[in-house]
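One chain, subunit A, links the two complexes that follow: it is found with subunit B in the first and with subunit C in the second.
So, the complex of A and B:
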């Protein structure tokens, strides 16, 4: 029976990869860059997006898809910072978004008016690592309150990500957190990770992040 | 195909519940109380257990089973605080422990010398909620850095838990975190939740937690 479960799981994953490839092609054709934000709960993904929308929404065309297990709290928070619709996907208990959900959400997004798509995944350091959503890159967000060992304990998420945001750096004076050790741990599992150190609360370090977002949104496909 | 996936999943869950019932009976017969600690990554489960073992290991017979996706870092940390073996289960990528793994781990534990079993689950606020491990109660640990909304966003975990530990309260002066709102959110999804406010770092609030642990370990089954 274990074998049969794995068999079904593999078919589900293969189907997801197929759909994700189509999403990727569709976004490339439309000249839209998609970033898939992954993290554990409470790392500050939504706060980072609030700041990003507040700073860049008028300058760039940004669309957002949020994934939540039961609520659409994140979408509600984000809608205050943009004139565009934030697409909330409720996964109904599932610990990740999938490419089928992104496909459906894209139908409701004006891709012509969009240069950048943020996908805010379910807060979970395990499941979303395995699900390709057609993004250009995964961005793993983790906070200085979570401990330096997280990249070693959840290596797949850090291996699958191209960028890492270390958030809540305003709390560093009050913690025994070794930033260099955390970065070294992350680079031990993925030497190519590019890091951003931010505080979505105070704004510290956000300039570099916003520059990166601007650059990511630069037209390439059309 | 979606239907078939659900069918297989239901059979896997039913098998898990069956094994969990056997674990529960076995522990009851042996007079061992099992607490299943669940949380998101970095909430401080391991630090709380380090403190608990340091304070009570000689007084009570405490056994520990840790669940980690890839490493046995948590078990290594805990072993410094106990003379007993800490049983590390590496889930190989799975986002939760299951009752089969607990059954196997119990074979290696001297239940005669044990009054209390801590199961430290994989850091994940979604998956472990659905998996009965034969515990007397789940204890959900969350930290003040994660935001007041977590009980609303991950309601199942708070519904399935009997106790809640709100950890890292030493950081409250540096955060915009409303403790009353967090507790109210948690009680909105589960009115019976009993709360402990702790700082595993400074020791604040630990006395009440340790009293609870002592009481939980009181012999009842034999």
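So, the complex of A and C:
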């Protein structure tokens, strides 16, 4: 018996990261800004995007890639608010989107007519934090029905995100949710997080969010 | 589910590194898991051990080492080529 060792020392995410780098370069060349929306299920990502598309799609040219384990319900909802392609990725069981899926989805999007790409990731506060999709930034969305300690329970997601949306603030009068504590918890794991407080249902706080989206879509590399 | 997808990727990488010209018995697969990699180690070990029961690894040992940092790496593969 002759046992020998094959030395590898390769990062498991290396292949995904290589593809993500190619996606990032492709989007940069096309002048498209990509934002990766990550959250737990039910935080209001799709509602926030519905509002965003209704307000800004004609002005900006927004494409959306949605990821769901089953169904393309989110894509169907968003399609009502835009004539632009909303591409649904049904992961068939996987708990996150990966850069290979985004690479394939980009082939179905008219990048020339697009300035902003939203990637609505699978609702999951764990796995999507580890997968680079070639986005400019991750935006973590959570809601006032989820508890102030979400950032402490799922720190990696908040560490990997540059922006945070605290949604469903219209429900605050009915809850014991402490907004200041939630923001303090988030900033304890990521001091640089920029916050948006929104209600996708009533529209409260959306003006600032929409201003941010406009700014994010400003032409850069085209 | 996250751990299973990562374990599948480890197996894909390991399979790619096996010599194609000469059948070998895989003795062990060594993986380094960063403590801030967002991986539940016991669950990951279970997934990888289960996958390593299948060919071409059939019965290979799972060697996991926890390290500081956020990376997950396939560190090495031990093979017995019968020579």
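Heads up, the rule we're going with is that the second predicted complex is superposed on the first by the 210 of 222 C-alpha atoms of A that agree within 3 Å, B and C clash if a C-alpha of one lies under 4 Å from a C-alpha of the other, contacts with A are read in each partner's own complex, and residues count from 1 in each chain.
Just so we're on the same page, a contact is a pair of C-beta atoms (placed from the backbone, for glycine too) under 8 Å apart; a residue touches a chain by one contact, two chains touch by 3 or more.
This structure is a prediction, so every number in the text was calculated from the model and none was measured.
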Partner chain in contact with A:40 - subunit B first, subunit C second, else both or neither: first
Contacts of A:134 with subunit B and subunit C, given as first, second, both or neither: neither
Which of subunit B and subunit C A:95 touches, first, second, both or neither: both
Partner chain in contact with A:125 - subunit B first, subunit C second, else both or neither: first
Touching partner for A:13 - first (subunit B), second (subunit C), both, neither: second
Touched partner set for A:67, first subunit B, second subunit C, both or neither: neither
Winner by number of subunit A residues touched, once subunit B and subunit C are compared: B
Subunit B versus subunit C as contact partner of A:150, first or second or both or neither: first
Contact residues of subunit A, present in both the subunit B and the subunit C interface: 1, 4-5, 8-9, 11-12, 15, 93-95, 126-127, 130, 156
Complex contacts: residues of subunit B adjacent to subunit A: 1, 4-5, 8-9, 11-12, 15, 40-42, 68-71, 73-74, 93-95, 122-127, 142-143, 145-147, 149-150, 152-156, 168, 170-171, 174-176, 201
Footprint of subunit A on subunit C - complex, ascending: 1-2, 5-6, 9-10, 13-14, 17-18, 27, 36-38, 71-83
Touch list for subunit A against partner subunit C, complex: 1-13, 15, 93-96, 126-127, 129-130, 156
